């Protein structure tokens, strides 16, 4: 029974990481109708930046917030320089650019930081919290960080004028321009926030999967599955989907198929959702006008 | 073509091998072209068909002692069926979503190939080693034929054949139907084109070409293993297609040459360099020259020969 | 004295197709001008061109400043509000959020909040539906919301694209009387695109008539509506 609870808890912890990444994917999808294939690599690269800061001697939380700021800047930069020129290009061109971005970030990381696997510290103590046996401190801390992050984002979008403007720009860019919103910069901001989400997700999962340029590909796949399950244009759905997928992955891995086919599970989830119910649990079904 | 025939006798064995690989990759790129360039369906997972073709050949040769040349059509047929089957659920998916599904396939593939229960067939992580075939005749008109050179001619023959098939296919009704489906799917459907059938067929045919290429490459390399078929292989194919030029058969050759030789050159700078170049190129090309090399050459040619100054 | 809006030789279109050809207009501050024409004459295109939502050639000057090279957002921030055809409301946001967005660019928070209340006074039905999702409201209510949102900008020039479209005559009359009130009380200049020529000519003081993208008539609204020949051949009544 205890292992069962531990699997669930571990699932919630990794689910939080998936939820953050899925939310990042949904944010970009909602505002641009593009799927950010490079989201994982952005997260990975940001985590490497964190590693660099930590190695340079900065205390963990200083490095953490420094990375968040750097990730934000990176996201904005990518949107302005690389994504904007192909905003209205055909789908294939856009997909190619995203893949190109994935590849560049991956190879840059390999070039600057080498391909050797590195360990990444966790800011949480090694001993389990309060002597509990079914949860580690890192898992608890990771869940806590995720919750704080999600609450902050929710408040931002719900209660601040800028958040409102971003929501408007994502839904209806033309009308947004008519109220004076600089839609281009809203998009850039969205990318910045998505990068921040990714960086925090990366820093939370790096202690578990270890730091190497290809660390996020599996995580990204699960994030895609989570976003699709929840609904690719539903932020709440993405978060819920993340936790669901995290728990599902752990339970399946522990009791059904072992850890070998984890990626195939994500694949099956993705293909199933796409063919049976593309809108996911909470998304809207899109009717295209002829 | 004549140049291609005499080429192997002037090059070292390794370069002959490389040339053969270029031919094999070109076949795969033609396949990808049919799917993406002509039929407008994005696949980020074509490495899977390379894998199926390669493993079919390897298993047939290793476990059933089938001669190498016979495995090629079998691999092609297996992939035709696989591609068609994959194309069926893919019918419902457009643009991004199809890219996502194929991307997921590509990422999950190596793990699948290493799966414990398939190991007796796939050789697990170690993969399968196959024998490099000997040439049937050791010399021809006074020129020595070794394994590499012989295989080069095999590749050349297969490539020429596949090119012919593709050229015929695309030039006629099927090609026009595919382009119609790509550009104006609703209108195409209204005109009586069975879009579902054509799209699934496009997937199947594209997979066939790629499977043949995979089979060839397995014979050339004499080895298959799961980690050769990562998502980066699929991305390499995409790079080749983009650089060479979509909807361009000659572009497949340019693209194949590019992805074969750039890593060799760039490797000298650093292990990561080829991919950095790929990535940068993908982005820059999409912004500046979406037609790839073939498109660029066409543009140049039209600029040189254009006297009427048509509307831009 | 310069007119509030000066348009010279405006050509505009979509992609490679030009829809509006060589249009010139003068709109004085404080007036209501109507732009009339049949379906497809280019009226909506003209309004979109004035906000630079589409490609244009030619000169557009607003309050003495050239705006034909500016982005839509920047033109809006200079005091041009546009109520587009189709209302353009943010469907999944509430009425209140829509209004707040209307005042997004305003620096004077308190005045903006006060204006929001004034909008509810103009359109009491909106006050009832403050927290309702805009997309679930009726056409007439969405039209009122769209106008209210535009007014939150405290614009100098209000561009309105077929406000009567698809609405019951009673509601249309209500909206037209509100437009008159806005013009008189708040000194908002209005450029009104309408198919309902009769009502538009009653409200406006100046009129322009478009036919296949070209200006064929212009003058005082009263004169145009009294000219039977014009009414028969161009306005259909």
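The letters A, B and C name the chains in turn, as written, and every chain counts its residues from 1.
One rule holds in what follows: a contact is a pair of C-beta atoms (placed from the backbone, for glycine too) under 8 Å apart; a residue touches a chain by one contact, two chains touch by 3 or more.
This is a predicted model, so every value here is computed, not measured.
Chemist: Connecting every touching chain pair, does the picture come out as line, ring, star, complete or other?
Modeler: line
Chemist: Where the centre means the average of the CA atoms, what chain is farthest from subunit B?
Modeler: Following the centroid criterion, the farthest chain would be C.
Chemist: Point out which chain occupies the most central position, where each centre is the mean of Cα atoms.
Modeler: A
Chemist: Could you put a whole-Å number on the gap between the CA centroids of subunit A and subunit B?
Modeler: Taking the average C-alpha coordinate of subunit A and of subunit B, the gap between them is 32 Å.
Chemist: Can you compute the centre-to-centre distance for subunit B and subunit C, using the mean CA position of each chain? Integer Å is fine.
Modeler: Roughly 56 Å separates the two chain centres.
Chemist: Based only on mean CA positions, could you tell me how far subunit A sits from subunit C in angstrom?
Modeler: It comes to 42 Å between the two C-alpha centres.
Chemist: Find every residue in subunit B that makes contact with two or more other chains and list them.
Modeler: Not one residue in subunit B touches at least two other chains.
Chemist: Could you please specify the touching residues of subunit C with respect to subunit A in the complex?
Modeler: 51, 53, 71-73, 76-77, 81-82, 84, 88-93, 97, 100-102, 104-105, 149-150, 153
Chemist: Please give the residue numbers of subunit A that touch subunit B in the complex, ascending.
Modeler: Residue list for subunit A touching subunit B: 33-35, 37, 82, 85-86, 89, 91-97, 99-108, 110-111, 115, 217-218, 220-221, 224-225, 228, 260-264, 266-267, 270-271, 274-275, 278, 290.
Chemist: With touch defined as at the start, can you tell me which subunit B residues reach subunit A in the complex?
Modeler: 36, 40, 42, 44, 89, 92-97, 99-101, 103-105, 107-108, 111-112, 114-116, 186, 231-232, 235, 238, 242, 246, 270-276, 278-283, 285-287, 290
Chemist: Would you mind writing out the residues of subunit A in touch with subunit C in their complex?
Modeler: 161, 164-165, 167-168, 171-172, 174-183
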